[in-house]
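Chain nomenclature is as follows: A, B, C, D and E, assigned in order of appearance, with residue numbering initiated at 1 for each chain independently.
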Amino acid sequence: MMDTSHITADLIKSMGMFLPETTLIVTFLLTMIFDMVSKKSKQIAFYTAMVGLIITGIFLFQQTGLSYKGFANLLVIDSYGQFFKFIILISSILVIIFSYFSDELQSAHSKLGEYYTLIIGMTFGMFLLVGSSNLIMIYVSIEIMSISSYILAGYTKEVKRASEASLKYVIFGAVSSGIMIYGISILFGLTGSLNLFEINQFLSSNKVDTLPLLLGGLMILSGFGYKISAVPFHFWTPDVYEGAPITITAYLSVASKAAGFAVMMRYFKTAFYGPIIGSADAWNLLGNIDWHYVIAVLAVLTMTLGNLGALWQDNMKRMLAYSSIAHAGYLLMAVSVMNDNGVSAVLIYFFFYMLMNLGAFFVVQLISNKLKSENSEDYSGLGYRSPVLAVCLVVFLISLTGLPPTAGFIGKLYVFTAVLKSGYVWLAIVGVLNSVVSLYYYVKVIRNMYLRDVDSKESKLVYSPVTIAIVLMLAIPTLLFGMFFTPIVDWANYSAHIFLGN
Amino acid sequence: MLGTINFPILTWITFLPILGILIVLLVPNGKDEKGQELSKNIIRWVSLGITFLQLVLAFVIYFNFNPALTGVNDIKTFQFVEKLSWINAHLPMVGDIKIEYFLGLDGLSVPMILLTAIICFIAVFPSFGINKAVKGYFAMYLLLDLGMMGVFCALDFFLFYLFWELMLLPMYFLIGIWGGPRKEYAAIKFFIYTLVGSVFMLLVMIGLYHSTGSFNIIEMMNGHNFRPDSIFGGLNTTIRYTAFMGLFIGFAIKVPAFPFHTWLPDAHVEAPTPISVILAGVLLKMGAYGMMRIAFPIFPDAFGYFQTLIAWIGMISIVYGAFCALGQHKVGKRDFKKLIAYSSVSHMGLVLLGMASMRPEGMVGAIFQMFNHGIITAMLFMIVGVIYDRAHTRGLDDFGGLAKKMPVYTGIMAIAFFAAIGLPGMSGFISEVLVFLGAFQSYPVLTVISGLSIILGAAYMLWALQKIFFGAIPEKWQGPWDPTHTKYKTDDVNMLEKVALIPLAIIILFLGVYPNPILNLMTGSVNQFIELMRPFVYIGGSLVGM
Amino acid sequence: MEIGLTHYLFISAILFSLGLYGIITRKHAIMVLMGLELVLNAANINFIAFARFGGMNIEGHIAAIFVIILAAAEAAVALAIVLNIYQNFRHVNIDEVDNLKG
Amino acid sequence: MTQDVMLLSIILLLVPMLSFLINIFFGDKLGRLSGIVGTTILGIDLGLAIVVAFTKLVSHADLFIIQNKIEWFNIGSIKIVVGFGVDNIAAIMLVVVTLISFLVHLFSTVYMEGDRRFPKFFAYLGLFTFSMLGIVLANNFLIMYIFWELVGISSYLLIGFWYEKKSASDASKKAFITNRIGDLGFFIGIMILFMTYGSFMFEDVFAGISSGLMPFNSSTMLTLAGIGIFMGAMGKSAQWPLHVWLPDAMEGPTPVSALIHAATMVAAGVYLVAKVFAMFTADALTFIAIIGTITAFIPATIALTQTDFKKVLAYSTVSQLGFMIMSMGVGGYTNGFFHLVTHAWFKAGLFLASGSVIHAMHHAMHHMKDHHSDPQDINNMGGLKHTMPWTYRTFLVVTLALSGIPLTSGFLSKDGILAGTLAYANLTGGWHWIIPIMGFASAGMTAFYMFRLTIVAFHGEPKTEIAKHTHENKAQIVLPLVILTVLSFWFFYSPNPIDASKGWFHASVTQPQTAVPAAYQWDFLISEKAAPAASQHLSESSHGETGQIAEAGSHSTGHYLNKLQEETHHFHLLAMILSLLIAGTGIAFAFAIYQFKVISADNLEARFKALHNFSLQKWFFDELYKATVIAGILGISKALSWFDTYVVDGIVNASAYLTRGYGKFVGLFDNIVIDGAVNLTANTTGYLGSKIRKIQTGQVQSYVVFVLLGLLIILYFFI
Amino acid sequence: MDLVTIAFYFFGALTIIFGAVVVFSKNIMYSAFSLLFTFFGIAGLYVLLNADFLAITQIMIYIGGILVLIIFGVMLTTRITGVDVKSGTMGKFQLATTGILTTVIAITLLIVFSSTKWYLKEVPAVESTVNDIGNKLLTNYLLAFEAASMLLLIAIVGAAFIARKK
């Protein structure tokens, strides 16, 4: 009989640290129940979900400074995770708000109970994923968010393209997670453990064959890779992004990507980080595999393919999908340097990326509400028909391009800083050339809005002040953080330390 | 005391346009036709007022500037310095990241500030003719103004880069919305070209930051501030050469030097008149200024290594630009603006050549040439604008005999043309002579070849002059431009155009005879600059250097 | 010859490849799901085998259990989606569901 | 005293500028008055010039130069010092320029009457005079170059004054650009000198040269610098092969031709050579001599057959300029400059006379409502002797002077030049004998074509109705003619009608000692009292702001003899006899052919058809240039322009096509790029671009394949 | 050959052969039933590996749950006209390339598996795993266990939503 008392104590203690997640579970249930109970109020699920998320935020905030390894090493709570959780939480809140204003969703179903419920569920999955320090836990969390997102992507199920997106997503996702679990099994066979900390200990005290480690590592990477849409695991992205409701596309492009990056970096650092040798500028990775190089190659492929793919697109969602692939490439660049600078660059980038990408999607959604089109060719004259939205979209797109004085520039700045600091000049050059290419398709949208004159004087598009306010709430920080970014950078640097046990 | 005034004048001169933008955006659109016209006029005059205030401030700076303080790499002798900690983030692994709000002037930048203020003010006049989306136009215009001023004031690389990029978008819109038939193409070409240049600059900037631990341009000029093990540490390393080339290409695109110049003819041809004026008058200068302020002094060793190459590029630009301007002759539609655009390539090549010489004459000549070219080309573009507004064509073959129809205009035009071909008595002459004198000492052969531009310049300019002004007036322009006399009361230049053109002409003539007011500003700084570079560069005296 | 770890691994490898082959080549969505199950089972064989030869490491069994649970959940969701596809397209041939591309 | 001279000189320089300013800004209000204003101002200027010249030549004969120095601007330690100065030749030139300018102003008040831009004309004349005086007064290269260019531009304005005529605006452009070619050489020379000696001042440069410092440590470079400077002179003085602009420049109004193309602008080149004579090495001088000789000869042959009144004079001018340059080249400094002055009077006289004739012809044509005939064609004239007696008389005298007939100034100067060439050839020997031979031949031709012109235009019966109806012009036109004619007599320069060397002119204009070290100079040009310690005077007052420098030393006016001068003396008689013989022969031929028709002109023409045509077509120089230089430049620019539009930009676009659609790519690119290599890259990128898109098939199973493939590739890549 | 060896080869062959039938058969029903035998084979292997609990679970969940689900799925999504419900496959070229690809994968895996030094430990006395599994699941893996329950809940909600007709 095993002695389980200390574990029980640990579990009980851990429950105290688990408040945000617990809140999410409760919210999940309440949303579902309220929605089922209340027949009249259409938006009760919306309000429940919002309240729940906000409470989650409060609990999350209380965890500031906490560094804890709980649930028998299954979960880590640290500032790194907290940062990502905030990103995920903010995106969830924003996406729920977006959904409230989405004609696409509101007209498809009379009630969106399951929708909000699933978003909460997905948030929960991502929260777990961010903190997971056990391969099984990682797998389970990925599956939680995946399954929610499969359904959300096809939520407008009568729409053909949504159901197609959902199908492709589920098949691609299942294959990826299948490959991943196979990889996990190989890693398990090599080290005899599923816990990242134990794997780390094993690797630092034993010599392991490189080839199976690489094989298993790559297979696991495919699980992360498909979450962050890195080449060659990106194929689902354009199709699903185009087919899914815009809100979900936005959500996938930010939150699920954030979770993917969070777990990927945690996985690398926790499992493979060895004792410091020489300068602390790069992680001393165990296992004799040049992960830096692998990720760098993936980064180059990802951004190049993403940008080249985006050049062709007229559909805004599809274009933004490719663009999000490209951004994953930039982020991978920062990951590839395999040091804490890279981590903090990713954090900084992600915060800004969240603002600008969600902003862009929201504008696209608002425009599509009125125009019933996501095609950028139909945007001509928009600069005059809806000045505020158009200006905001310009801000977001310029920020996505990475030009000052926008937040996107600061993000890029830090990514390149991290890359150059480690001396990978070639990678940085590829990166900047890519951002030049990206300019072309972003500016194409701007061109359509401003440079193409509308023949007939079409009416102005009128939006409610609330929606405009929400857009501005995203656009103004995008500009402001471009000029004064100290708080975010400080926060990111504070959070850039991944908990390594003890 | 000279050089110090208790007033953040650089902040004011840089950010005044913000005030303008706010006012412009807040001016309500009129309800009826009359109201709209009123609102447009308010916007125009507000912009004029703002740029005028800037001009006044620029002159305050000019008169309070002490040329004895040299600046360049000596932080103590910069003037009107404003230094505030701006971004101060702590990175445990990297150390503090410090970005400063650091503005200041020395002899290299004061002429540019003056030029920017003058050109921005003058270019408002031709902007009065813009009737489409006036509010947006002037908002963009002022934003552009802000960016340009900022570039010349900034002493922090980050700040510099910020202002540098800030100009891209307004420029894109200004060309793209208010431009000619191929505006889309020209605008995106401009955008992408300049972005290609600036992304390399970004990388170098980051590298420099790592090597010195600061974005302070002045500190970067001092080799001691580079950590020896850092990426740009040491001297004459491949990475330093690469970085220099990156910066150089970034700036050369803006200059524009051969072979990075092809955006210029397109951008000029499509841009509306005032934007061409600014483009040629100020924007091109930023490239050369960037080289002086950043690329050369921070990487003097690399400059020494590439010096001859830069001189070659300068020479090729000079001759090539001139030939292309002349070649307008036969290929495609002969466009007046394109001719001037190519002449800009040629004239800015002189700036490169002068800087490459690393002789005081050459450097002073180069800066003075920047100033002069700014004024002269601005004038030329406005002159093109005058007839374009009336005839709606810029084809050189469409005109003839205008001297008879527009005598005053022809007189002004002649001044600009003669100034452009470096006629003595005009400011362009002095700068050209200085550049050649300096360049000859370091690169005699290249300079002699460049001298061909003296002939070619005369050839294309006089050819254009002849085409437009001499000979017989073509059938369709026989009558008055505007038979109804609503828009143009007379055939000759109107008051507004005179107000814009004549001051420039006076500047050209005045500086041609008495260049000291501008030369004195920079002499000290240039000598300091050359002292800084001296250990690394080749400073002529024999035939060896080509 | 003693039956060792490698033997099991070989079976798992072959099963894994077979599963992938099925996923790629079959048109019918359900067939694809069957291929998927093969892949997951291959992983499970690994887990159990490693657990057995790694000193009866119970973690492998736990992992396998979770895989089975997830496989079930995934199958349920996937089938639901396939049904939805059937309602929208009146067929479930995956290669013909390709409106989104480019 | 010297200060007063400098002050006066500066005022004298600025006065014509005043005329320019008044006429350009207030010309429209002044109307016809502007002519009078201009003339008056020039009259004042002339007075000033005479005062300055007398003061210099008489009161300050002991000073080589009266000058000042001003620091124009500085670049730290490098100071750009400029200034003005009056030496003897400048003093003389001042009078020449202002007097001719004054006369031309006077002449123009009638000649340009009724022109739409009457005030502008006087404005330009003022500007021109200002620029020309600037050249004269310059005591350094920079100021010289500045005014050199200004002369160029003002002549551009004047030649193209009737810009409605395409030929006029073409001619003005041609003049300016051809001049610029010379100016480039000039400027290169200046750059070499400034780089080596660190100053633009003539005296500093000469002192530097005589101290033995060579540019790039090579005497060749000094020669090149000299040739460079001389190229400036070649442009302005229309030396072969840059002479082509001058005949075309006759498209300008005739007073302009008189002012610019006879006396002043074209003389500037000779004046420049004289000013910097001290810096020419032996090689450079030889080059100058050769150019001068060719220039004397070729245009003379062309002038033989021209029928345009002014063209004949134009070619004659070029030829005479060749004489001057030739003289300078062989070391005959004084005679060369002397010929410049004498030629200025009589050639201005000739041009003004031709203006008088053309004016009269115009009036006659106007009177007869004939708008098609060419008033300048000598075949339309004839018999003008009777209708325009004053013009004829003055014309005849100046023609004699040009032909070098004794008792005229032309005889004195030309004789000196020819003697100089003989002496030179004798001292150097060998092929150098060609120089005097061609010189004499040119002199003979000069006499011939000038008399041909006189006879055809003035003698005989009127060949057309127009000629019959011509009348003598007003006094404002005739008076300048008379004044210039009087100035063409010998007594102004020397009491002895056949030898000028004892006159005041030769006493005042003495050859400066060369600054070039003996090793690089003709030994016969080195004075026996040679090589004084050079630069003592340099330190004296180089910091003075406006102070004058009066210096002795190597540039003093002290007499000294070199071998050439002695030798010239020996050859004087021979040269005189020879030139008289040859000129006489030329005149005789002219009379024989055109007056008495003893020899048939048509016959001759037929016999020497090729030669005649060659001459008539001006040796095909224009065509040659068109075929080579101009075609070359235009070809290059066309090629480069094409290159720029299509290749440089094409490459940029090619990389842009990575970013754009294949269809667009094909459509745009095929039109543009013929170049195979670029096409290949472009097609490849286009192909790649479309392939990238094809990967996204929309079939999820293919995605799985790609994932697996990707994984495998990465795996095998990193093993 | 001892019994264990024979059993191994038997179950191994069962697994692989029927696995092959699953992916190669044209008839969906055949495939579905072959899947049954494959699962049986795997369960057998589990027994050989001393994983008694897993073997039971395999049979219960896979055969009792998932397989039934799949067969229902087949029926619901196919217009059944007879027993032989065909599933088309790709063209020959795709089949060949896919074959090569998967073979390469298989060979790669085989090479890696055969050459690797795995984490090996002496096997302690064999006893039932049920206890251990239960303990672990409710202590060390409690969170994962709970998470899995959330997952199932989500899957149910989602699947129900998607599958139900409007």
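Criterion: contacts are C-beta pairs under 8 Å (C-beta built on N, C-alpha and C of every residue); 3 or more make two chains touch, one makes a residue touch a chain.
Quick caveat: nothing in here was measured; it's all calculated off a predicted structure.
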Mutual neighbours - chains that touch chain B and chain E alike: A, D
Central chain (distance from its CA mean to the mean of all protein CA atoms): B
Chain separated most widely from chain A, comparing mean CA positions: D
Taking each chain's C-alpha mean as its centre, the one farthest from chain C: D
Euclidean distance of C-alpha centroids - chain B vs chain C, Å: 65
Geometric centre distance via CA averages, chain B-chain A, whole Å: 43
Rounded Å distance between chain A and chain C, as computed from the means of their C-alpha atoms: 26
Whole-Å gap separating chain A and chain D, where each centre is the average of the chain's CA atoms: 78
Of all residues in chain D, the ones touching two or more other chains: 693, 696, 698, 700-701, 704-705, 708-709, 715
Multi-partner residues of chain A (each touching 2 or more other chains): 136, 140, 143, 147, 150-151, 154, 157-158, 166-168, 171, 175, 179, 189, 192, 211, 215, 238-239, 312, 440
Sequence positions of chain B contacting 2 or more other chains: 192
Touching pairs - complete list by chain label: A-B, A-C, A-D, A-E, B-D, C-D, C-E, D-E
Of all residues in chain A, those that touch chain D in their complex: 167-168, 171-172, 175-176, 179, 211, 214-215, 218-219, 222, 231-233, 235-236, 238-239, 289-290, 293-294, 297-298, 305, 308-309, 311-312, 437, 440
Contact set on chain B toward chain D in their complex: 192-193, 258-259, 261-262, 265, 320, 323-332, 360-361, 364, 401, 403-404, 411, 418, 423-425, 429, 433-434, 436-437, 440-441, 444, 447-448, 451-452, 454-456, 458-459, 462-463, 466, 469-472, 515-516, 519-520, 523-524, 526-527, 540-543
Contact set on chain A toward chain C in their complex: 135-136, 139-140, 143, 147, 150-151, 154, 157-158, 160-161, 163-168, 170-171, 174-175, 177-179, 181-182, 184-186, 188-189, 192-194, 238-239, 242-243, 312-313, 318
Partner chain A, residues of chain D touching it in the complex: 658-661, 689, 692-693, 695-696, 698, 700-701, 703-704, 706-707, 709-711, 714-715, 717-719
Complex contacts: residues of chain A adjacent to chain E: 2, 4, 7-8, 11, 14, 25, 28, 32, 71-75, 114, 117-118, 121, 124-125, 128, 134, 136-137, 140-141, 143-144, 147-148, 150-151, 154, 157-158, 166, 189-192, 202, 208-209, 211-212, 215
